[in-house]
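You will see two complexes here that share subunit A, one where it goes with subunit B and one where it goes with subunit C.
Let's look at the complex of A and B:
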């Protein structure tokens, strides 16, 4: 089928054959081909099935604006929704069509086309409301999900991308005629410039059409080649090809994605795409224009294509999609297509123009007459027909007569729009141009310059003027550019949005959005139902909500709406174009923040030992903490936790507490600062002693807890919860800087500098004395809540007598480098005493038996220290601390606040469930009075049954009463409300 | 993404900073003497104007310093950045031009032409 090639195209390497597959069949193209151009070379028109109605669809455009020709690339981890008009082929590429079953030629879903009344505007909201709620989930949704949609998500893939930051002075978006002119005028200036082009070569319209004959006396290709060479040689301009600017943010911040594998199979182990994050002073938008289509019956048939795209396929990709196309236009943009065809000795089968003979440009009229092309003026294409591809069109001529023309191809042009997406993303204002019938950039909101057709300036002889005027701010030399064009000297268009149907049928539809299968009838229906605001109409009909954002059709929809409402288009307004300009992959966005780098894992210095000893891990924030240590594969979590906690109570256990936050506070005013941050008073505390402390928010609610060690009035070390470490440090810094800058105080995180071991149980003192024989661990020498520094094996340890298990115990702070060694020594020494390592679950159980709360489990940001019964921790004599005033607010002192209590099941075999409600009556008859809920519950090996902590309204006054707890199987169990302490209430073991 | 000029480090991307809400909200002195209402206003009430706004930022992924900023919330334009101990610049220093990006009305948001 070589007769369909345009060998004149310099961009296709006809001597380099490339083999690829489409739907399992083998085809070939040439180096430089896109999937679309290669398939057109073989006369393939049917590329996919449409979103809702499964109608046959082909290639509608030749670029990024493509609504139809989306394919799945099997050879790239089955990447879906790839535009066939952009993606270049490579040897061995496997491509599949989408949204068809069982095959593209015979598709069962196309019955949807017959069921189309079901799928009309707003069908999601209306059709599937009854008869029962579950119908949606169980019947309608799965059926619709299967029937409607785009490509299939890939099952597994591993894409690699990287991010690159740029700080430049000027970014030129689009390396077409105007982009090249702007760049060449800025060669070797003081500006740092990025010239960004989506295609793999610069040139734009010079490559895509025959619109321009001559630039400054040179053939356009020669001029482009020379200009590009000189830009490449410049010291200040960097060119990024294959790079699409997707986003224009505030303060001239652009996001662009670069495809590193154009025309090649992406390597599995190399960066496939680069996301460029660009901050610039100025942006020059020279990203051109997009042709729009026209609505008429069955304007979606394969074989219908935009006119400028048809020309681009010929010039840029060297393929002539048809030797006898019919052209239908309402504007002067198609003139150059006729030129291009005639130069290749191809005579269009007919030229149909909605404009009158007088309106059509004289040159064009002459050309058509000279070449004897059948001309229909004042005429419109009413409908297209064919079985899975275009076979004939119906034309209404100037006298109203209906003519049928047999043809395999129809080129359509409904006018051109400046590509304003990026300009509107930058918050620039648009203005409707009544003459050119399009929205054009009017007022920039940022340092944005638009050039050429991107600015709505469609006439080549104006370019010189515009460039000189708009680039003046860069003090460039006067630009002299003389362009001889092939096309009409002035862009001219006649209003036409939709051609009314000449006869209706179940199958015939006039589309306004090809990708989302929205018809002009849907628009009319939406308006008749009151959705006459453009943003409402868009959501109700899903018009322009596809991945193409209605690039070729959204302005047409505005035109149709404005006619229906009898308003001007600028009164109808426009919907907002949102980033990204075109879809980009999550892999590109994620960059290196993916896989193992997505959420970093933090590990304690003892981590390897935990693994060796069979720990099962729990995620606590980013930390990996041992959850429990099963003795064998057969020991369940329940058994392990019961065993671990029993061992702690009977002999001894050790917990790796390294993840606890540790903050060091120093400075002349450290004491005063700590008194302001925590509820407790540290003034009378002796140096070398420690205290359990609470931190509140200014609203009086408990935010964090920890142990504060006072080394001196000018030096403290605070521990925080594992999850609260960063927030506590940030809070201290904030108050130190913003509220009390007069205080001389500094703070720093030392969490990762020190490992922490919590060792407790009745045998602890024996173990400690064995490991550290030179230290006196007697109560007299080392009392409860004191700490000491000790030199040990060439490192300094801080040992504290403290416990949160309720047993006597110590906390050992070890510099991380020595931590594992000392941990192993303790394990060794502990063997004879039955020392067991235990994890977070046992820790929680042991704490709960003592009524020690867990921040974030027993508190939820709405609990005060008074609610917890921790009044003793509030420094009564202090005039101020964070949240103090809130503790006497009327809301914080009301008696019916939720308070912490303990819960015991009356039947010991019943188990309490976390999150279940506490009720005063057995009945679950709604409305059930909400008293509060169980915050923690465990099975206690020492009590032999479950117990819980709960926060319930006025809980303390209910202590001793009988109540009920709800269960997850809609029952209640009888419980008793008790004090929130279940073990060693007098703390005798703690201080033993 | 905003470009924020940390007074200590220079211009950096917004992602390095955290916003700290309204600036110049002073924590009441002698907080035990003031009424529930006054204290409640300090804890809970912040203004949320469309237009000029004094706000706080912290360079949390940088020098960890807090500083103040005047930003036009309708355009996101940062008009002034100053250190905590610098005096509060008076409103009259700034032109309060509620010129929203899409020419929306002074109150609310959405598409101007549609709202008409």
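Let's look at the complex of A and C:
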């Protein structure tokens, strides 16, 4: 297909042939080709089927704005909705068209086109209302979901993407003419600069068209080459090619995605894309403009393309989509396209302009006349016709006569818009330009500068002034730039939002949004139905809601609406362009924070021992904690937990409690501080003793608990819950710094400095005496709730007599570096006493038997100490403590608050489950009056049945009452409300 | 000191170090006491580091200093130091030598590698040599110490496996 090649393009390597497949058929292109340019090289125009009506669609543009040519890349895990106009081909690439079955040529779904009169705007909202509400769930939704969407979800795969943060002074978005000029003026200045370009080539318009003849006396390509070289050599400018800025956040925070495999198959084991997160002081938006299309009957046929895109295919991609195109325009932007074609000895079949002969620029008029190109002024393309591709157009000329022109290609240009998406994302304000018929950047909200056509400045003569004026804040040298161009000296446009249809029928269509199949008729219908606010209209019609966000058409829609409402366009307003500018993958957003790095993992100093001994882990916050230790693969969790808890009750068990939060508190006023932070009073507490303590929020609700060790009135060590460690320390710091700054007190986290072993059970004292023979563990020497420091094997331990299981026990605090060694010594010593390691599940069971609460499980932020029956922990004589005032509020003292109780099934075979509601009556007839719910439940090996803790209304007065627990299968279990303690109520074992 | 990775112009080594968090007012009494014990005057500017052959002392907040002992075998010295400081009721010295691990990162691509894991601005104009910072790296809390020849990063020991894997990953990808 060499006759369609433009060998002059320096960007396509015609000597490097690349083979690929489209819809199973083999094709070839050249290095540098996109899928679109390679297919055009073979004369392929039909690329896909449209979203709603399954109409044949081709390639409409040559860039990121493409609404039609979305394809599925089979060779990349079936990645859907890839723009054929962006994606470069590589050897062996497999591409498929989308939204068609069984084939693109014969698509069953195209029946929708016949039924299209039914599918007008608001079809879904109006149609799927009845006859019964169950129809939506069972029929409509499954069918619509199956039919909806472009492409198919990708197959399961592991994408690799990374994040890279940048901190710079200036970001230049767009490496076209203005971007290069701005960057070159900032070479070797004090600014750190990122120049970001979506293409793999810098140059923009210099590569894409023949608009510019000469820059400073040089040919554009030579000038660009020299400029790029000097930018590359600079010390302060970094260039990111193949990188698309998708998001402009507050404050000057940009997100950009870099494709690491342009023109190559992404490697399975390497980073495919990089998400750049950029913080900058200033942003220069030189990201150019987007050409608009025109609405006329059948303006979606394959073979219709934007004029500037046609030229870009020729200049940038070296492919001539057609050798006899017709050009249809309403503005002065088509000069260079004609010039480009003529340089290749291609004469357009006709030039059709909606403007009068007087309005057409002299240069263009002369060019057309000199080359004998058929010219239609004051004329419009009324319709396009063809079977799956353009075959002819119908033109209404200045006299009103209808002319048919046979052609395979129509280049349309409806004017140009500054690419304002990023500017509006930055909250910059736009202003409607009545002369150029477009919205232009008006007022920046952040440190944003727009340059060139991105700022709505479409005349090359003005570039020098604009640059010098806008870049003077950077104190750069005066820029001198002389440009000779092929364009009209002044951009001119005539209003033409829609050409009335040639032949109207129920099936005739002039599209206003190609991707979402929205027609101008839909717009009119929406207005007539009262959706005259642009944001409402957008949602009712889905206009500009596709992945292209209506880049080539949204202004046309505004124009049509303004005419229908008889308002100015600026009175109609514009919809909001939201990030991202173009779709980006979830893989890029996640970066490396996925799969093995999904969440940071914390491991205790004993972790490796746990692995070696077969522990099954559970995630507690970020900690990996042993859940249980199965003796064999066949031992279930239930069996393991029953065994572990029985062993603790009968001999001894040890838990790795290293995850518990630990805080050292010291200062002249440490005692006063502790009395203020916790509900308990520590004033009369002896040094060397420990106390279970509660911390409340200001609302009086239980926030955390732990054991406080008093070393002296000026020095304490507090433990916290595992999950609450950071919050408790932060809370202490906050109150010390803001509420009680007069107190001299400091606190440091020692959570990670010490591992904690919780050893308990009737044989514990024997084991401890064996490991630490020099310590007297008798009740007299080491009573319950006391602690001692001991030197042991060149390290200092703190041993505390405390227990969370109800058995006599100790907590051993060991510096982390020595922890594993001492843990292993305890294991070895405990063998003869039947010591077992146990996990968190057994810990929960044992503590629940004893009625000990877990913060966050038995409490939920709405439970006071009184609700828990822990009045004894409140220092009644203290003048103040955190949450004190709230404990006397009417709500916190009302008698029917939920209170902690125990629950036992009356039928011991019944199984209680956490979350079950407690009811007074057996009936489940709604509304069911509920007393509360079960917060903890386990099967107790010592009782031989399940039991639970629950919070229920006025629970304590209901102790001894029969109630019911609702089950998930709509039944109830008879239960008895009991005291929340099931084991050793007199604490005989605890203090033994 | 164990080498974690040396690749792509980045070299990472890991080690544990004796370390003490000192809390206090930073007044002259505080400064004199530390100067007497360490022969080093604590920095008064926030995030500033001072060092000698044996110590790195960084001011990490208005009332907190981190003291790193560069010699490994001074366990007893650290314990004594904490004991002596804690005699003063208006100061707190906490030995956290077992609580953290250190990563020494050097090489031409140090900062570009680290910026895969943190948003932190490492440019000299915003993060001067001999200053410290506390920030998130790979979503965990880290202390950064920018020294003359390399950068030191410390994190809690429970994260050490995770963080080491993230560093290796950042170097390789």
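Following the convention adopted for this analysis, the second predicted complex is superposed on the first by the 968 of 992 C-alpha atoms of A that agree within 3 Å, B and C clash if a C-alpha of one lies under 4 Å from a C-alpha of the other, contacts with A are read in each partner's own complex, and residues count from 1 in each chain.
Quick note on the criterion: a contact is a pair of C-beta atoms (placed from the backbone, for glycine too) under 8 Å apart; a residue touches a chain by one contact, two chains touch by 3 or more.
What you are looking at is a predicted structure, and each value in this text was computed from that prediction instead of being measured.
Participant: Have a look at where A:602 lands relative to subunit B and subunit C in the superposition and call it first, second, both or neither.
Facilitator: In the superposition, A:602 contacts subunit C only.
Participant: First (subunit B), second (subunit C), both or neither: which does A:741 touch?
Facilitator: In the superposition, A:741 contacts subunit B only.
Participant: Return first, second, both or neither, reflecting whether A:879 touches subunit B, subunit C, both chains, or no partner chain.
Facilitator: first
Participant: Tell me which partner touches more residues of subunit A in the superposed arrangement, subunit B or subunit C.
Facilitator: After superposition, C is the partner touching more of subunit A.
Participant: With both complexes superposed on chain A, which partner does A:157 reach: first (subunit B), second (subunit C), both or neither?
Facilitator: Neither partner.
Participant: Have a look at where A:638 lands relative to subunit B and subunit C in the superposition and call it first, second, both or neither.
Facilitator: After superposition on chain A, A:638 lies in contact with neither partner.
Participant: Name the contact category of A:572: first (subunit B only), second (subunit C only), both, or neither.
Facilitator: first
Participant: Looking at the overlay, does A:279 come into contact with subunit B only (first), subunit C only (second), both, or neither?
Facilitator: After superposition on chain A, A:279 lies in contact with both partners, subunit B and subunit C.
Participant: Once the structures are superposed on A, label A:789 by its partner contacts, choosing first (subunit B), second (subunit C), both or neither.
Facilitator: Once the two structures are laid over each other on A, A:789 reaches no partner at all.
Participant: Could you tell me which stretches of subunit A are touched by subunit B in one complex and by subunit C in the other?
Facilitator: Shared contact residues on subunit A: 279.
Participant: In the complex, go through subunit A and note every residue touching subunit C.
Facilitator: Within the complex, subunit A touches subunit C at residues 160, 162-167, 192, 270-271, 277, 279, 592-593, 596-597, 600-605, 623, 664, 666-668, 714-715, 744, 746-754, 796, 815-818.
Participant: Any idea which subunit C residues touch subunit A in the complex?
Facilitator: The touching residues are 16, 21, 23-24, 63, 79, 86, 89-92, 94-100, 112, 115-116, 118-123, 126, 138-140, 156-159, 161-163, 165-166, 169-170, 173.
Participant: Inside the complex, what are the residues of subunit A that reach subunit B?
Facilitator: 249-251, 253, 279, 427, 429, 445, 533-535, 570-576, 698-699, 730, 733-734, 737-739, 741, 879-880, 884-886, 888-890
Participant: Contact residues on subunit B for subunit A in the complex?
Facilitator: 1-3, 13, 20, 27-28, 30-32, 34, 36, 39-40, 42-44, 56, 58, 60, 64-66, 75-76, 84-85, 101-103, 110-114, 116
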